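First up is the structure itself, then whatever we jot down about it.
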Amino acid sequence: MNIIEAFKVTRNLTNSLCKPLKIEDYTPQSADFASPPKWHLAHTTWFFEQMILKPFVKDYEVFDSEFSFLFNSYYNTMGKRIASHERGLITRPSVDGVYEYRAYVDKHIEKLLSASQLDKAVSDLVVLGVNHEQQHQELLITDIKYTLSRNPIHPKLYEIAYANTLQETEALEFIDVGEGVYTIGSHKNEFCYDNELGHHRVFLENYAIANRLVTNREYIAFIEAKAYTTSKYWLDDGWCFVNSNNIKHPLYWEQEDHTWYVYTLAGRVLLNLDAPVMHISFYEAHAYANFKNKRLATEFEWEVANAQFHWGKTWEWTNSAYLPYPNYKQGEGAVGEYNGKFMINLMVLKGSSVATSPNHSRPTYRNFFSPETRWQFSGIRLAK
Amino acid sequence: MNIIEAFKVTRNLTNSLCKPLKIEDYTPQSADFASPPKWHLAHTTWFFEQMILKPFVKDYEVFDSEFSFLFNSYYNTMGKRIASHERGLITRPSVDGVYEYRAYVDKHIEKLLSASQLDKAVSDLVVLGVNHEQQHQELLITDIKYTLSRNPIHPKLYEIAYANTLQETEALEFIDVGEGVYTIGSHKNEFCYDNELGHHRVFLENYAIANRLVTNREYIAFIEAKAYTTSKYWLDDGWCFVNSNNIKHPLYWEQEDHTWYVYTLAGRVLLNLDAPVMHISFYEAHAYANFKNKRLATEFEWEVANAQFHWGKTWEWTNSAYLPYPNYKQGEGAVGEYNGKFMINLMVLKGSSVATSPNHSRPTYRNFFSPETRWQFSGIRLAK
Amino acid sequence: MNIIEAFKVTRNLTNSLCKPLKIEDYTPQSADFASPPKWHLAHTTWFFEQMILKPFVKDYEVFDSEFSFLFNSYYNTMGKRIASHERGLITRPSVDGVYEYRAYVDKHIEKLLSASQLDKAVSDLVVLGVNHEQQHQELLITDIKYTLSRNPIHPKLYEIAYANTLQETEALEFIDVGEGVYTIGSHKNEFCYDNELGHHRVFLENYAIANRLVTNREYIAFIEAKAYTTSKYWLDDGWCFVNSNNIKHPLYWEQEDHTWYVYTLAGRVLLNLDAPVMHISFYEAHAYANFKNKRLATEFEWEVANAQFHWGKTWEWTNSAYLPYPNYKQGEGAVGEYNGKFMINLMVLKGSSVATSPNHSRPTYRNFFSPETRWQFSGIRLAK
Amino acid sequence: MNIIEAFKVTRNLTNSLCKPLKIEDYTPQSADFASPPKWHLAHTTWFFEQMILKPFVKDYEVFDSEFSFLFNSYYNTMGKRIASHERGLITRPSVDGVYEYRAYVDKHIEKLLSASQLDKAVSDLVVLGVNHEQQHQELLITDIKYTLSRNPIHPKLYEIAYANTLQETEALEFIDVGEGVYTIGSHKNEFCYDNELGHHRVFLENYAIANRLVTNREYIAFIEAKAYTTSKYWLDDGWCFVNSNNIKHPLYWEQEDHTWYVYTLAGRVLLNLDAPVMHISFYEAHAYANFKNKRLATEFEWEVANAQFHWGKTWEWTNSAYLPYPNYKQGEGAVGEYNGKFMINLMVLKGSSVATSPNHSRPTYRNFFSPETRWQFSGIRLAK
């Protein structure tokens, strides 16, 4: 797929994801960590306008000068922005206005990409913008799911609760990996984020890693063993977290008459016991592993072994903190704010999930969230 | 105007007020104290359904059983409800759905009111419902103003910033009122809230009350005298309030190049110096009075003297706490939750404002808000 | 008692109250609303030094210039001060140092008072200082009680739990008072605070007031009727208060095997069922009155009727907000910060308690606390 | 030094450290993260009683059964305990009482250690208790320093501000270390904590590490370059941290007339520009390294290179998160709560500081604090 194709496919996919939304769904923000669909639509567009059209297109006229302020996310080098928890207050511009913005920027990017001589800096930035938008596609899904879940009437967006139809039915086995020096990270032959660079070697002691994810059925055994109220399984922060937030099961679960239900984007449905457990925090993943006398893999163990098991249904919590690789170099300017400045207090997740966009996963990918995070499609693979 | 007329006029007015809104404006909630337009539209409707149609119409079928939960405000006797600060998350039902709900309930209420024999209990409740909806009409205006004001692009809803065009240009004079026993509160010859009953006598010492409201021009003198940073003018709580919230002028004001602008529902405009100051807290009203070596009137002083001055441009902070009148009787059941349970930590405001619905003001009316409240159209009348 | 006597008696009483304290008890601060004993000892002394010795004694040398900063309470006009919730961090000066400070200031005040020609301004301020210190004597008791109560080993300070030995055993009767114009407040023939001035008239409708306080036995009936979990008895704020703080009984009570115990300054003891209930918030007093289909008296009703019943065991919550009397004049300078600036969001308590200093009570006295306050010796008298 | 010697020396050192304290200093708690001296004295004693005397001495009578509750720190397996932020409220038992407790437990431990046949489990636990007490010795110093620093009169505890007299005057050079597989952690030939076990290999790429710590003089250049207000040097969380806490220099520094002063345990003194910078957070260390176009070392890089530079003046922030080593095994029961449950959201510090107890440092030691921590003696060594 050439770059102009990739650009169009990605931009269209975002629009398609929003098809089932009503206008009312586009604006509200249900939590500090979640953004409204309208914001995702506009922010990904702003990225192309700000990083590419403004610097590289002579006499480019911005669509609306106020959008910079409204749809910047966290780029300090790009000037002032509204507080990230106030995105839900931006009722204007309208949804129609944002789609016009998208069309306007698309037209200009496509024109730029059609030029006979395509500047390498531009094409690199377009690839980055495409990947950026793919990340927001997954966030768009996780965020609207979270928002709709807060509505007591369990709204239904899609026909099929696809995350709940997954099967993880192989017998649990552990794959042995021998000690040795392994190579980690990306060579940069294909696109990757700067946090995957700093291609380097690690020494791993012998270890073993599970061939599949933990299932809902297995996780229910953890709940039924009263693990949520047994301090010894938990990290101290995790113990505080579940107690002060009164957490007793994964996000979106509800029990009624001894039966577990789960909120999905197809409404509230019966929990599929054979699906992988998801929407759990790092703390829960860690406690579950302790409960089973196992542990979580490090990101390095996961990356080295990944060809030996299937992955892609849920993001998988690792026991690695999100920190720079040796020789990591942060980019210059706004692009440099993409990853490096978040390298503290977050844990790495490997793999990808059912909500991840096509072509947006690879073994070297480093996803990262704080250990309390539950609204992502995050699950557990055991190691020992 | 008969009851069926009054009902229709009021219901239509609510719809008219919402005409300039875009669908995107209906759902977000910009502060714990403000509610979304959609919520006001549905809640006022729920009130008629819950208090009248369900108990008084045989075989009445509720429009949607989930609406009770979604659009109850604070009636503990009416069952569970969503937390008041989570109203902005309710993207579904859609705005169209809420207008259908309104039409459905209107139809049934109108049918009920057309009956040859109208139950007194029903007509009393309809009158209460009409007054309840009129209160929400003002809140609808204050709330959407607050929401739009948080948007950096200063959206414009109406053509004319009517609050800013008011003139308060008479020379300031004080009207003397002699000491004596006066009668306070309502006889209940016309509609009033239960908090106006407990018709009773008070003794007032001699006092004098201003013939007009404080203007923006006068208030700017207070600002320019550095009163916001001079502790002696302020109540201790007020001093904390302005300092911890970094308050330096009325809500919606902005200064640029020594010129004051104000956000109105017609967008950001030049401040009219002759308009009455509004959108100030009790603390600011109280400090201003101190600064002028005057004081605020009590609600009794205001009520006794009200025929001697013009009022109706802004709500007027009094120095009376919102407490029950002697012999106050709280109603039974849900209606009893209307007023009595809020009688603590709030101050009484008298009069009415440009945003108050027609026919929704009278001298015995007791409005009440916490002393920090600024998003209402609240102003200052001096006394001594 | 002449002024020098009154001064000595008061100063000595403060020292006596502290006799049973260990050095360790003097410094910690157990809540934002409570102050350490050392702070009370020093602050009352600072008051005499700051208000009298510095302005009126030529060439007076302050004991230690840093004490002004450390032991100012809330007088903005007296310069900077440490935040009131940080008083517990001031381990130095030592307790001995504070007693030296007391002795030093006592010596100078006594010398000043022995002068043949005593300046009226000075003697007025000494009387104010004596009354100020008496107020702090009661706070000293309530504060140390609160601090010791937080210690799981229930320390014992005094031999007798005097508050728990009180008897309130008369049959409950209501005293009728006829409607009319009554005079309220102090003539200033004897010492009073500025908030008692503004001597004025009020009109009271007919009412009746209880001959005695509500007892623990009666209050237990309220608890056993599940009133703490029945919303209809509560003000909305009160309902939030008891729920969010998980309040189910008066402060200091504990139930074990169906028996009620209470923490007192003589340690934990069996609750005396015939003692008046105390250590309750306004919210609880208000809810109890609702439960009994009665109400609390206003401060005016209480003052008018006070000669007709016994009072003095507990402070009595009234249903009056703490607001200025007509013609109230705030004093100039620091003395003016004594009362007026607190006149918002507080409720008036009348009477006095077992912890009130001798000669520090009178019918016109207006005590005032926020409606959540529970650590004072506060109780309930019903009215109707 | 045999075990009984080590025990006595350590116990006496704790007492010596407290010599300059006044009784008033022993109880208050100045922050959630700091504990009162009395608590340290008692808690370290409780550890010996709870872990050794109760399980291993037949018919041992506990000194006071209530002390378990009062002086447990965070051991969930050891029953209930008071909240860690309420330690400052425990005025009783008195300081004398705590010293009696120490003497009582010392006597029994010494008797136990004098037995002809010393149980290996006992001696291991005594060694652990000694090391535990040494850790608390450093905390005792950092905590009392923090408490006294909050007092505006700058109390002086010791004669010499020893931390401020250190010299770090060598020319800055970087020591090269070659790539390769290195062994990390302890063999357990001598005492170590469980977090140092899991002896294992790591692969390190080529790197270089500074021969000395960053000095105050160098750090002032960072301040003067306005680095505290330049977002590009900071982690996103760090940027929030310094902004929301208004941090503009290391803890304990104050600038007056262009001169820097520092609060030390000898009172406020002139800042020694040649001393290593200390009392900085991880965020500041990280930002400083960015400012210098360098980075912080990982804990592995530090450990491998440690013989090549001097260390011991300040704890040194590394860029390693505090996570378990491969094959880490958490101990059983209460001892198992010592380290493992804290392995999230904390960063590792290597080395030791001027406040570290003698014999309580080794290259494999892993200290750990959250990245905001500033009250420890923490500094910066650069790497690249």
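Labels for the chains are A, B, C and D, by order of writing; each one numbers its residues from 1.
Criterion: a contact is a pair of C-beta atoms (placed from the backbone, for glycine too) under 8 Å apart; a residue touches a chain by one contact, two chains touch by 3 or more.
Note that the structure is predicted; figures quoted are calculated from it, not measured.
Steps from subunit A to subunit C, taking the shortest chain of touch contacts, total 2. With respect to subunit C, maximal separation of chain centres occurs for A (centres as means of Cα atoms). Separating the centre of subunit A from that of subunit B, both taken as means of CA atoms, is a distance of 44 Å. With centres set at the average Cα position, the gap from subunit A to subunit D is 37 Å.
Subunit B and subunit D have Cα centroids lying 57 Å from one another. Not a single residue position of subunit D touches two or more of the other chains.
Taken pairwise by the contact criterion, the protein chains form one closed cycle in which every chain touches exactly two others.
If you check each pair of chains against the touch rule, the ones that pass are A-B, A-D, B-C, C-D. Residues 22-28, 30, 38, 66, 69-70, 82, 86, 88-95, 147-148, 150-153, 155 of subunit A touch subunit B in their complex.
By the touch rule above, subunit D contacts subunit A in their complex via residues 74, 76-77, 179, 181, 200-205, 207, 231-232, 234-239, 282-283, 286, 295, 319-321, 323-324, 326-327, 336, 341-345, 371.
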